Every structure is written in C-alpha cells, then in structure tokens.
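Each structure below appears as structure tokens.
Below, subunit A partners subunit B and then partners subunit C, in two separate complexes.
Up next is the complex of A and B:
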C-alpha cells in the first residue's frame, strides 16, 4: 500500500517536472506579450524530432541532438512570433486572432512533421542507463535527470527575469509597453526573445521526453493541454505559481490514475479546471482581485 | 550647427484622425521651452510622435542635426531624446530601484548608471527611502518622481516632461516644480508640457500655445503678457 503510494508520488513528480517546463514557457509568453501560444506543444514535438534526426539519423550523439532540438524549436518560435503574432500587435482582438494563428501554426507543424518524418514511431536513447530507487520506488535514471533538471531550469529562468536587464526588460514590456519603449527597450526584440526562450524550453522538454515516450507528430498535444490546465490552475503571470501548480497537477494526475484509471483521469482534471475557473478565475495562487 | 530639436511641418494622428496639422517647433541648445493649451488638442500626441511611438504622416523631425522622422523609439532614446510620459504608471510590479536600474538599459545610459542613480536619489530623497517598494504601491507624487527619475537614468540630452505635476496637491506640485528647476539648472534642455502658464514662464525661455494641433501663438519670456491676458488667451479662445 505505502509502496504503491510512494511509487505514485514519484511518478507524479516526473509528470510535474514535465508540466513545469512546458507551463513555464507558456507563462513567459503570456507575461511578456499577453497572448497564448497554441503551437507550444508542436514546438516540443519539433524539438524531439530534430533531436532524433541529429542524434540517431545523423549519428552525432544524444547531447548534440538535444541541443539541436532546443535550438530548432527556439528558431521556429521566433519565426512564429514574427509571421503569425507580430502583425497583430495593437489590434483590439489580438488575443483572439493569435489563438487562431498559433492554432494554425500547430496544425502546420504537426502536418509538416508527418510529411518529413512519417508516422512510424521513433524513440531516442536515454541520457544514462540504469534505474534509481527513491524510498523503494524505482524510476529510470533518465527520468531522475528530468526531475532534477526541471527545478534548476525554472530557477535560472526566474533569476534571469529578476536579475538581468534583458530579463527585467521582458517583465517591463509585459507590464507597460509604452513606458518600456520610452526608456529605450526594443519592444519587438523583447517579444522575439520571449517567444524564442519559451520555444527553447518546449524543444528541450521534447528532446528529453523523446527518450521516455514515443516521438510522434501529435506527441505535443497532451502536454500542451496539461500545461494549459496548470496555468489556469496556478494563475497566469507568476513563474513560482506556475511551477507550484505544475507539481500539484502532476501528483494529482498520478493519484487519479491510481484510483480511477487512465480513462477517467482527464475528465476529473478538466472538471477541476472548470471549478477553479468558476470560483477562482485568477487561479489558486493568483490574487483574488 | 542647427537647432537641438527641430520639428518642421509635422502632421500626425491616430488612424484616420488627424491631430497635429503642419506643426513646427524648435528648441535651441541650452534652452527650455514650454507647451500649453487646452485639453485634447495634441500636446501629448506631439511628444509621442517625437519619441517615435507614433509615425508622422508628414513633415520632418531632426535631433542634433540628424533626421529621426519615423525612427524606432529605442534609437531615439539612444540618441538622448528622452520623455517622461503623462500620467505614467510605469511597471507596477517592479521595485523602485529595479525600475531605475532598468531605465539605464540603453547603450549611452549604461556608462553613467551609478552617477545618474546618485543624482536621482539626491533630487528625490523620498525615492531612496522607497527603493525596494513596488511601483504600484507608490503615491501619485512618488510615481511622478520615479517617472522623472527614469528619464534622468537615460542620460538625457533633451528631456520632455508631459504634465509632470498633473493631479498633484499644491505642496507636491511646488516640490516637483523645484526638482524640475534643478534639472534645468543642471544644464539639461527641457520641453515641458503644462497647463499652468506662470509655472512654465518661471522655468522656460519660450512658450508655444497649441490648439487644434497647431501652434497658434509663440510667447517669449522677455515680452510675456501679464496674467490677465494669459487667462483671456486661454479661456477666451479655447472655449467653444
């Protein structure tokens, strides 16, 4: 009994790490531009495929593959901002329009990946082999790396936005574009950096996940939906709240799978999301104003 | 060497609405000028156009002899043409010190950062006391000080202040006016937008009255009209 519970909590921790990395990327874009990127999951998938091509097809090794996947996703993110988001800045319906344009980007990327890489399942090797046991629950060493890496990455993003002038300028642009421009911040560049950073996070997540799950054109869809649940649950805006919510959702999901099974879990998660939206629209950690 | 700032026949507005009509204004080196006029007649629009937030439909703006018409706001800040905008709310969730440090992000301002910071805290000791307070929790007067402080952090070669005393109590207004006077005496040329003509006359050499997006009168301090005729000018011609 205790053993199953610990095993469940540990697998919740792995899920939470995955969601934290995905959701923090969504949060970076939201806090800087005030838009929601529906292509985020597809960028994650691109990261995984490029990592596979470089590492397996070209045989350059997993680390080079992961770096390439991250970079490719970042470049695509900047491109999406440039072509599908920037033309609508200042438009009254920008939020709604960009929902549609980023959804279009998602479809283009998924179909494009299907054309380039085909539908056959692919998988990356693991960073390290072997297993690790935590209080009697075993996970692969690769998953353990994900669990350790996620909080480190979140911490460095947080430090970046608080300590460095570039990071601060992203926050400034999100809070007041006009004032940001008037102190000499290049607003379009800030937008591009936000999209690039967010997409890099997605790509890295995809490349790491490619060793645990199968790489398919639609592999990003489910993590995107979960990341959305996380940002709604945690309240958009603060990185800390997003990270906290990611781990809570990950653990709740693992527990639900244990008690209700895979079939009913998404249903209950969505129900929770609706309840949060109705009673605390600013999220569990969001200020209630 | 021509004028420091030269605005020549500028037309600008929002979409199909034209606000500025062929407006021409100039600032010479070492000079402070004032802009006044009734509400909603284009003073803020003019400053936004100079700062590159609005692209003029016609005319030419040059700063220190360089054409900056349609330049990006970042490049205009980099050239040292700085604005403290009207009713500025700045960055609500950022601390005072963080905001001031960020304001020296432009290439030319980075070098003078520490010295500028000292200068801002000398000018507004109150800001120094509140350095770790979030901007959204500051009072109206303190916000205005932070906004001017940010502009100073940009190492201005010309500083434009859009209604720096808007909505402040008479006591605070006096305090801020004193600070603006200090900045002027330190040798920074100013463009000040204000409704209070006497206040402007005490700080500037020349005033432009703006109505319907045009300069309808230029007043020299040397031969400034008296209080009554200013009032007449203001209310007599502004009210329709």
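Up next is the complex of A and C:
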C-alpha cells in the first residue's frame, strides 16, 4: 500500500516537472503580453522533432540535438510574435484575435511537421541509461534528470525576471506598457524576448520529452491542455503560483489515475478546472482583483 | 442595388440555384460535398450568432455539434429510435449542453470564456472516450441506421433525399437566425456586444442574454450533428478535435462575424476549396495549412470578413438607407 502510494507520488512528481516547464512558458507570455499562446504545445513538438533530426538523422549527438531543438523553437516563437501577435498591439480585441492567430499557427506547425517528418513514430535516446530508486519507487534516470532540471530552470527564470534588468523590463512591460516605454524600455524587444524565452522552454521540454514519449506531430496537444489546466488552477499571474500549481496538478493526476483509472482522470481534471474558473477565475493562489 | 434587393432577392436566387443543383450534379460525390457544405454552413452561421452577434467568445461550439452527433448515434443505434426523431433529439441535448456551460460563461470575461468553453469541449470528449461501452470510445460508432421515409431509403438515387434534407435544414436554420437577429432580442445582443455597460444601464440583463444566445445557437448545431451522424452512419470523437474547430472558425472569420449569410457563403466555398486540395496527392495535410493561412490573412487585412469588405464598398450608396436598414 505504502509502496503504491510512493510510486504514485513519484510519478506525480515527474508529471508535475513536465507541467511546470510547459506552464511557466505560457505564464511568461501571459504576464508580459497578455496573450494566451495556443501554439505553445506545437512549439514543444517542433523542439522534439528538430532535436531528433539533428541528433539521430544527422548523427550529431543528443546534447547538440537538444540545444538545436531549443533554439529552433525559440526562433519560431520570435517569428510568431513578429508576424501573428505584434500587428494587433493596442487593438481592443487583441486577446481574442491572438487566440485565433496562435491557433492558426498551431495548425500550420502541426500539419507542417506531419508533411516534413511523416507519421512514423520517432523517439530520442535517453540522456543517461539506467534506473533510479527513490524510497523503493523506480523511475528511469532520464526522468530523474527532468525532475531535478525543472526546479532549476524555474528558479533561473525567476532570478532572471527579478534580478536582471532585462527580466525586470519584462515585468515592467507586463504591468504598464506606457510607463515602461516612457522610462526607456523598448517594448517590442521585451515582447520578442518573452516569446523567445517561452518558446525556448517549450522546445527544451519537447526535446527532453522525446526520450520518454513518442515524437508525433500531435504530441504537443496533451501537454498544452494540461498546462492550460495548471495556469488556470494557479492563476495566470505569477510564476511561483504556476509552478506550485503544476506540481499539485501532477500529483493529483497521479493519485486520480491510481484511484479512478486512466479513463476518468482527465474528466475529473477538466471538471476541477471549470469549477475553479467559475468560483475563482483568478486561480486558487491568485489575488482577486 | 437597394438593401431590400440584396437582402431578399440574392438569397432567394441562391436558394433556387441550390434547389436545381441535383439536376446538374448527378453523381453522389458532388452531392456529398454539397451536403457536408450545408452542414458546415449551419454550424458556422449558428456559431456566428454567439460569437459575431453577441461577442461571446465561445470556443466550445463544436461541442454542441458533437453532442448532437452522439445523441443521434446512441438513440438510433443502441436504443433503436427512429432516426428522424434521433436527429431532432440531437438539437435538444445540444441546447441542454449549452445551458449547462452557459451558466459559468455568463459570469466570466475575456480569456476565461475561451478557456472554460474549451475545457468543456475537452470534458465532453473525455466523457465520450471513457464511456467506451456506450460510445465506442476512441474507435467511435459505426453502422448507424440510415434515413427512410415510408419505404423510401435515402441512400438510393445518389443521395438525392439527403441533399434536399440537408438543404432544408440549412434553410430552416437560416430563417431561424434571421428571425432571431432581427427581433428586439437580436438588437439587444448587439448592444451587449458593443456597449456592455450601456446595455446593462438600459435594463438588459447581460448574463440572461448570454445564456439565451448560447442555447439558441446550439439548437440547429445539434440537429446538424444528428444529421451528420445519421448521414455518414458513423460517430467519432474526431468531431471534438482542433481540425473541425479550426475549419468552422475559419468559415465564421472569412465569411464575416456579425453577418448571417457570410459564414454560409464561406462554408460552401471553403468545403469545395479544401476538398479540391485534398484531391491533390501530397497536399492532403496542406489544406489545413491553407485554411490557417487564410484565417491569418483575413484577420490581418479584413477583420470583418470578406463579406465585410463588400459591404464597405457599398457603404457610400447605402448611407441614406441606413436608418431603414436598422428598422427591419
């Protein structure tokens, strides 16, 4: 009994790490630009495919592959901001228009990937082989790296936004664009940085996930939807709340799978999401405005 | 042309043409494309009722369609109810689903409306997937009973019966939409969309109008879903996916939000355009890319949709007629 519970909590931790990396990317764009990026999952998928192409098809090694996947996603993110988001700054309906343009971007990336890489299942090798035992629960060493890496990455993003000037300028732009521009912050550059950073996170997550799951054109859809649940649960506002919510959702999901099985779990998660949205639209940890 | 001419003669002429189509299109494939186009036209124009006329950013409209699909499939196949009744029942359950989701939507704003309606769609899809013994799960349901009228099977005569049934559905839905949009209720929807605070100050209940518009937009969408299931004789969870959603959304955007005929014209044009692309080898997937690009271009250069451009071109002639137009 205790063994099952520990195994469940550990798998919840792995899920939580994955969600934290995805959701913090969504959160960075939301807090800076007020845009909800539907292409976030597709950027993750591109990261995985590029990592596979560089590392396996071109044979340049896994680390080079992961770096290329991250970079490719970041570049695409900047491109999406430039072409599909920037034209609508200041538009009264910017939020809703960008929902539709980023949805279009998602479709282009997914179908484009299907045309380029085909439907055949692909997988990356693991960073390290072997398994690790935590309190009797075994996970692969690769998953353990993900669990260790996620908080480190979140911490460095947090440090970036709090301690560096560029990071502070992102928060300033998020709080008040006009005042930020008045004190000399280049607002378009801040937006591009936010999108690039968020997309790089998605690409890195995809490249790491490519060793655990199969790489397919639609692999980004499920993590995107889960990240959506996380940001709603934690509130779209702050990075810390998003990260906390990611781990909570990961562990709740693992527990639900244990108790209710694979089929009912997503149903309960979505029900929770709707209930939270209705009673606390700003999230469990969000301050009511 | 005077507004009366464009708003009455043009649609009637198009209807006569559509009634005559089966005389020229005698093969079942062309007729099939028309039937699918009519169903998409119903989905898109009804979606436009909530999205374009009332400004409710409902991202779960295809959920109503999916609820209609599965209602008709389960009622006619599993329970053995007459397919005609099963189709209409699809409209009733879709309206019920709309009522359930409308309660939270009425209280929310902006991105949260998108998220809660999207989550609702995912919720229904997960329910369909998890109840495999009723819905067939990921494989869906096949061999659903087809339509008959007395002894006449609608599969005969190269889908002639289905063609006219689908056209009838489109005409009924369009008349319904026109009646709603031109009623005082329709005017209040525009007020809610364009000047929420002022509308509330004039005694219009924002949440009641939002709930009503969602339920109204679901009725014919659900019936179209029921028809879709009975016509294709399959029900699959694909109807909840991003593919159908983006296709229908592109029809609303390209046709013009806030018009009645725009999405219908766009649905007919896009169904044939995408089908033509699907026929070219190697471009089966590219058609979705083309649609997505078209969506982006329309949002960039003509946020009012292509029909919006045409109306803008006419604006000089129509200025004097504007008050009369607002009254009808």
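Assume the second predicted complex is superposed on the first by the 288 of 289 C-alpha atoms of A that agree within 3 Å, B and C clash if a C-alpha of one lies under 4 Å from a C-alpha of the other, contacts with A are read in each partner's own complex, and residues count from 1 in each chain.
Assume contacts are C-beta pairs under 8 Å (C-beta built on N, C-alpha and C of every residue); 3 or more make two chains touch, one makes a residue touch a chain.
Computed from a prediction, not measured in an experiment: that's the story for all the values here.
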| item | value |
| --- | --- |
| Partner chain(s) touched by A:179 [first = subunit B, second = subunit C, both, neither] | first |
| Which superposed partner A:278 touches (first subunit B, second subunit C, both, neither) | second |
| Touched partner set for A:165, first subunit B, second subunit C, both or neither | first |
| Touch count on subunit A, higher of subunit B and subunit C | C |
| Touched partner set for A:100, first subunit B, second subunit C, both or neither | second |
| Complex contacts: residues of subunit C adjacent to subunit A | 57, 59, 104, 107-108, 110-112, 114-116, 118-120, 122-123, 126-127, 129-130, 132, 242-243, 246, 249, 253, 282, 285-286, 288-289, 291-293, 295-296, 299-300, 303 |
| Subunit B residues within the subunit A interface of the complex | 51-53, 72-74, 77-78, 82-85, 88-94, 98-99, 101-103, 105-106, 109, 150-151, 153-154 |
| Interface residues, subunit A side, partner subunit C - complex | 36, 84, 87, 93, 95-97, 99-101, 103-108, 110-112, 114-115, 221, 225, 228-229, 232, 236, 263-264, 266-267, 270-271, 273-274, 277-278, 281 |
| For the subunit A and subunit B complex, residues of the former touching the latter | 165, 168-169, 171-172, 175-176, 178-187 |
